[in-house]
Structure formats: structure tokens, C-alpha cells
Amino acid sequence: MNRLDVRIVRIYLTEAEVHLGELMRHLHDVEKVRGVTVFRGISGFGRSGVMHSSTLLDMSLDLPVVVEFFDVPEKVETILEHLSQVIEPGHMVEWSARLIVE
Amino acid sequence: MNRLDVRIVRIYLTEAEVHLGELMRHLHDVEKVRGVTVFRGISGFGRSGVMHSSTLLDMSLDLPVVVEFFDVPEKVETILEHLSQVIEPGHMVEWSARLIVE
Amino acid sequence: MNRLDVRIVRIYLTEAEVHLGELMRHLHDVEKVRGVTVFRGISGFGRSGVMHSSTLLDMSLDLPVVVEFFDVPEKVETILEHLSQVIEPGHMVEWSARLIVE
């Protein structure tokens, strides 16, 4: 069992934002990152302070969506440089982790 | 593209716990944290060892819920001091990350 | 409020993989880890580059699933040694965090 240094990135969006399809295509087709997973939250709020949430009676169309990916540090750096031009400031976090490889 | 040191916190609860609404109001109204997202898990267990899970036939009413937020370290410290009085020990983790800002 | 050094692990699978039940039983019954949560993603892709996603019209049966757990470093090390024999390389990440304890 070996470890490879990686960076994990989480991007906080909402379903109403148009970025998602474009972002996935970019990460998949252009950057070919190692792994991307998209999660839907059930509630949340960002800098605006506007709460986005779902209940059984009122299905919101603007739930939080988090795009998570990881890759080696240099590649993540390049991707963040690009994404910082299209994603609003304050919506992406990144930290160091280790990927378990062969 | 600049980076701001932040701490990410994840709080592990279940749907049956009453904390969630109160917790969101606290983080939103009082602490005004930068970003909060709530996720529902499909299965999980904690220290008690009791498994919480959902299947198509048996929709559990006590699924895992994770509240994730991030902010600058001093602010997270203050929030954790407060939350540690209302959240059971062993249910909150925190780590250092960088937020991409302008 | 005290802190305990822990490692957080995230394992990236898809619903179609048979690992999940076995993995949960192992973590719950054998390893008795402190906390495990399973999340279903709404979209994602891994090394294969094959996109897994759900839409309202086309419910995929092979959505991404993430198993997250944390425990003290030595215990996580033992678990990773075991899991690296059953989980494909490149599907597990781990990083250091602090658990809030009494």
C-alpha cells in the first residue's frame, strides 16, 4: 500500500446555477481529473445568507450542490487557476490528503 | 487568485435529533458563518453501533445528517466552544483548508 | 473542550459495486470504527472516465457512493491495510483532522 499526495477540492454551488454541466464537462473532458463526485445537500446557505432547503411539502429547485474532486497538487493548481475565473470567490475550498495507490 | 486559511467542520447527527433546526438558526442568524451545507446520508452508524440506513422498502426516519461549514480559524474556534456545549462529544471533526478568494 | 487527532477516510464506490454491504459489516462488526456515514452522489466519474449520473427521467442504478469514516491514526492505518486488499487502488483518500471530545 502506497500513498500519493493529492489535494481535495470542494466547490459549493446551488442547483439553479448554470455552472454544473459546464463544470463537469470541463473536469471530465478537458482536465481528465482522477475522480469527481457531485452531492446534493438538503439545506444550506452561503455568503448571501439566503437559506436553500427542501421539505416534503416544498421541494426547492435551488438546493445546494457540492462538486468534489481530487488530483495531484500541480494539476489541482492549474484547475483552480482556471476555475477561479468562472466560479465566484469564496465558493471553493481545498486541502491536502493522501490517495491510497498500489 | 488568493487563498484564505479556513477550518472546515463536519457535525454528524441523525434526522431524529432535534438539534438541526436550532443548529442552522444558530449558524445562520447568530454566527453568520461563510457557508453551511447539510447532507443526508443513506446509511451510517456512530459510537452506539446502531446502524441507520434506508432501503426502498423501509424508509428510515433516522438517517444520518451531516452539517458542514467553514470559516476563518478564530471564528470556528468560537463556534466550536459554543457547539461543544450542545452537541455530544465525538460528533464534530475539524481540519485546516484554504478558501479560494479574489 | 478537547481535541483528539483522527484521520478521515473517504472511499469512492458506485452503487453497482458489491463492496458496500460487506464494507459496512467489516467497519461495523470487525473494526468497530467510531463513525461511518455513507452518501449517495448525484453524478460523478472515476479513473475509467465513465460518467455516472441521475436525472428525473433516467434513474441510474450505478450512482456514486462515498463511504466516510474517521478514527484514531493507528486504527485507520490497520483498516486501510486491510481495505487496500479489497478496494481498487485510487479509490480511497485520507487526511488528518481533530475530533472534538469532552
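Labels A, B and C are assigned to the chains in the order they are written; within every chain, residues are numbered from 1.
Convention: a contact is a pair of C-beta atoms (placed from the backbone, for glycine too) under 8 Å apart; a residue touches a chain by one contact, two chains touch by 3 or more.
Note that the coordinates shown come from a computational prediction; the quantities given were computed from them, not determined experimentally.
Rounded to the nearest 5, the angle that brings the Cα atoms of subunit A onto subunit B is 120°. Under half of the residue numbers at the interface between copies subunit B and subunit C are found on both sides, making the touching surfaces mostly different.
Work out the mean CA point of subunit B and of subunit C, and you get 18 Å between them. Counting partner chains per residue, subunit A has residues 39, 95 touching two or more of them. On the subunit B side of its complex with subunit C, the touching residues are 12, 39, 41-47, 49, 51, 53, 64, 66, 80-81, 83-84, 87, 89-95.
Of all residues in subunit A, those touching subunit C in their complex are 1, 6, 8, 24, 28, 32, 34-40, 65, 70, 95-102.
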